[in-house]
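For clarity, chains are labelled A, B, C, D and E in written order, and residue numbers in each chain start from 1.
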Amino acid sequence: MNPWAVYALSGVAMFSVGLVGLFSHEHPVKRILASNIAGSGVLLVLVALARREPTGAPDPVPHALVLTGIVVSVSATALGVALARRIARIDATAKAESTGASDPEAGGGSA
Amino acid sequence: MTAALLDACLALCLPLLAWLVLRTESLSQSVVLFVAMGLLSALAWARLDAPDISLVEAAVGTGLTGALLMHTLSWTDERPPDVAARARHRPWAVVAMAALTGMLGWAVLSLPSDDPGLTREVDAHLAESGVEHPVTAVLLNYRGYDTLLEIAVLLVAVLGARAVNPRSERTTPEPSRDPLTGELFRMMTPALLLVAGYLVWVGEHGPGGAFQAGAILAGGGVVALLTTRLGTPRMSSWRVRWALLTGPLLFIGAAVAPLFSGRALLEYREAQAGTVIFVVELALTVSIAMVLWMFFPGMRPARAERSGKEPS
Amino acid sequence: MSLWDGVCAVFMVAGAFFCLAGTVGVLRFPDVYCRLHALTKVDNLGLGLVVVGLALQSGSWATALELLLVWLFVLISSAFTCQLIARAALRRGAAPWTGRREP
Amino acid sequence: MPELRMALAFFLLLNILAGLVRVVRGPTLTDRFIVAQLFGTTGVGVLVLLAADPGQAALRDVALVFALLAPVTVVAFVRFAVGSGPSPEQERR
Amino acid sequence: MSPTAWMAWPVILPLLGAVLALLVGRKGVRVVAGVASVATFTASAVLTWEVATRGVLRQAIGGWGPPLGIEWRADGLAVLMLLTIGVVGPLISVHALDHLGDREDREFLPLWLFVWCALNALVLSADAFNLYVTLELVTLASVALIAVRRDRPGLDAGLRYLLFALPGSLLYLLGVALLYGLYSALDLGLLGQRITPGPVAWVAAGVMTLGLCLKTPLFPLHVWLPPTYTGAPTPVTALLSALISKGSYYVLLRLWLEVFTPILDWQVGQFLGVLGAAAVLWGSLLALSQSQLKRVVAYSSVAQIGYMFLLFPMATLGARTGAVYLVVSHAAAKASMFVAVGNIHQAVGITELGGVQGLAYRMPFTFLAMALGGISLIGMPPSGGFIAKWILLEESIWTGQWWWGLVLLLGGLLASAYVFRILRGSFLPLPPGVTVRSIPLGNELAPLALALIALVLGLVPWFPLELLAVGTAR
């Protein structure tokens, strides 16, 4: 089998693992990781497709698309983690209030 | 022969690792595995002759994403216990995975196996693009519009992330008390600046460019947040806003300027294309570094320190 | 294969051997601190010997310099890393291995 | 010679895979993280080996970036992750 | 400036406005956003005029043209969408200014301008990968908007939306990769010329459709919609339902009618149609059984999206006209409904359906808007919804697929039931002990203006219908 096909199949498998993982987990961080994995899978397929002609330079267009895709995926990850973080903070505060203890983050102020 | 073995091994391990990341019960384990997966995918990009992508993976994966995920470990245990992170083992998940892989694999394998894609078209116009590196030509000239929108994506994400967590979460009184990390930061800074500058410059004729350089600078920024007294930059500071937005403004300006002389959006004059692209990349490097840096939510103390267990 | 190539090959193979030794150490050593010790072998000697072999082979000063720079960065980062990790582990309360079999 | 480099690269990759055992077995987060560091260095080794092939010089830049940014994750790890995970009692098992 | 140059401004002006609004910080943000909105609307209107008089416009961005570069294409459908976004969006954002606090302004306005930029870019783009970038820009900006209030329900809704929209985009991107692998093109026009039935085209069409249906969302994939729409701040829900969900539907429509036409066979069309019909019935029934006002309107969105998928089994030009007309009138009608719901929450602070009791006397404009919007949802004359459903009904009979007509009628009946359930309560006497806070007049007029648009679409349908015909003669 051609090397590109090996990597393309690998990408397809990663995509499936990520996509199914995304819908079978409840933990938000795990789901964010899963979507990241699915994204890497798609990008791997694209880069593998760029390498189909064994001689000469690879097709630069998919490479550029993948670079854009990585940026988008990093942005989505950062936003997702930020939301999950805030939710965790709200929960922690609520829990602290309900047990009568002080806000666990009360020591923190703005920089 | 060995090369084929290497490829096969790498290609097999990536999905396997992905599966492990999602299957494990503990979140800390999956984060470490995820970082390892980033390394392996950087090797895969390298094997597929995509050094540009490998560079980005190296810069983002080890620098920013790694740090971001480590940060999540410090708070996710406040959520329902780690057990909740485990996949609910359901037979349908495995069946769905296999079916999806099979169907998609079938489509992928029926693609022609020696298609050069758009290589020829890209090469034919490379001389007009103002840069020598084909990927940079696609990214900033042929499909520069995608990149313009991608910058908007970055801005939106940082705006959203800052909007939900506006304050930097610093609670350790003196992170810089640790002489070791402070020294580390001092030693890293010149090297980081040098390598970032080199990557912007080299992007015109080889793998490299604004995003890679920005990601490296952001990595340095994260170390600075963790080892010095610096807090996460805040949107309310006008200096931060200018650092963040000069690049996008310049890019928009360069994009619309051709409209006023009867050309299309982003249609640079051939003679000026090289200069315009270089200036835009330079300005974008700063903005991208700022955005990636500001993705990092700031810091909070390790639990052991807070409860006073730190050995004196 | 010339003698020069042979020397380079010896360096690289030796480097790979140290990497193996380090990996085995990380897998087999009994506690965090011993494993850190094994890790540094990979950073210093394993990568170092590979880099030296490649640098000798490259035949270009620029390439050799860049390779050495890579090694230098890894060395510096390794020095800090191991210190930081070891301290963190100690602070967390991971007891050093004393040679006795654990119950 | 290119064959030898490729073989060594493959060998280093196998080392990485062997290290995965430690990630899965742990037992502590620190152990896992040590393996991540091991992966980093070994990965740099693979990259510099691959970079010696003609036309792959850019991979040395990748190796450089990996080496340069490795401390970022470490510092983040030490700052954030040390306090979480199983307690020392659990660690010793 | 050449006519084609006008295509750039509806995308660039909101982008520039967003960046400048971020730059000026707290003080000038309203001024900058206001100027940018007026400018963007003007640019959209001028472009519409150019297209109406000159026909389809194209611009090869960067001067390259396909397959190397990205092309913008403005036909009647595209500019009608531009105009819809340009009218409905700003009216919602005016309402949002008062509904959200002062602090959120700083974030809401730039984010809304980013959404506007992304939607305009999506509507004009004729490039499959560029569409992916615009879809992601819309998604991330929407997530940030949903969470803008930083309260627990909003954050939950934002995270939920993100984690459903991301796999949707990734499925779409995988389809783009497959298509590029076979046809070495990303331009929709080129892909449409080159497409041939085969495994790649089938799988690509399948994953892209699945992804976009997940984002829109179509019936069995709609599980995220009610909690997300309920948790988001009401003005943001209005944006989501009226405009943002239409973005992915628009891409789906373009794909099936311009790229995948050779593989759109009877079974595929019927399948999508059945899902659409199920969405109409299921969504309407659930809307009828909700006790919370916002959830009623949210489930109604599930149903209304269902109608739009009835286009695929018929797949005629007329059906396209009907579906797009529904998109436009639903945008106006549903925006007015959600904005009205926002007013009610603001006035009495009750989210239950019973909370509307007696409010028709206190908030006449809001309930007039609710009634007019409801008429359009039901599809009674005179309203845009009526025209759209009438066209779809005609097409269903004309193509011999009368059963879709039955779905249309049944859906209308159910819609009238849940709309009257809201309105009936409002005319009952005001229960004692309820204090009704007064609402600024601007906030009362915003939903009315939106509802009047839905009404006008029913009274003078000629202009939009003629516009829709531009670029269809092929």
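Everything that follows uses one rule, which is that a residue touches a chain if its C-beta (ideal position, glycine included) is under 8 Å from a C-beta of that chain, and two chains touch if they have at least 3 such contacts.
These numbers were taken from a predicted model, which means no experiment stands behind them.
Note on connectivity: the fewest steps through touching chains from chain A to chain D is 2.
Contact tally for A-E versus C-D: the pair with more C-beta pairs in contact is C-D.
Summarising the inter-chain layout, the chain whose CA centre lies farthest from the centre of chain A is C. Among the chains in view, A has its Cα centre nearest the centre of the complete protein Cα set. A centroid comparison over C-alpha atoms places C as the chain most distant from chain E. Between the Cα centres of chain B and chain C there is a gap of 27 Å.
Rounded to whole angstrom, the centroid-to-centroid distance between chain A and chain B, based on C-alpha atoms, equals 11 Å. Annotation for chain B: residues touching 2 or more other chains are 3, 10, 47, 49, 52, 64, 71, 76, 104, 108, 111-112, 115, 117-118, 122, 142-143, 146, 150, 153, 156-157, 160, 164, 181, 184, 191, 300, 302, 304-306.
Counting only residues that touch two or more partner chains, chain D has 33, 35, 61, 64, 68, 70-71, 75, 77-78, 82-83. Looking at chain E, residues 129, 133, 136, 140, 143-144, 147, 150, 155, 174, 178, 180-181 sit in touch with two or more other chains.
Per the contact rule defined earlier, chains pair up in contact as A-B, A-E, B-C, B-D, B-E, C-D. Across the interface of their complex, chain D is touched by residues 1, 5, 8-9, 12-13, 15-16, 19-20, 22-23, 26-27, 32, 35-36, 39, 42-43, 46-47, 50-51, 54, 57-58, 63, 66-67, 69-71, 73-74, 77-78, 80-81, 84-85, 87-89, 91-95, 102 of chain C. Put simply, chain E touches chain A in their complex at residues 129, 133, 136, 139-140, 143-144, 147, 150, 152, 155-156, 158-159, 162-163, 166-167, 170-171, 173-174, 177-178, 180-181, 186. For chain C in complex with chain B, the touching residues are 73, 76, 80, 83-84, 88, 90-93. Interface of chain B with chain C (complex): residues 180-181, 183-184, 187, 191, 302, 304-305, 309-311.
Those residues of chain A lying in contact with chain E across their complex are 15, 19, 22-23, 28, 31-32, 35, 38-39, 42, 45-46, 49, 61-62, 65, 68-69, 72, 75-76, 79-80, 83-84, 86-87, 90.
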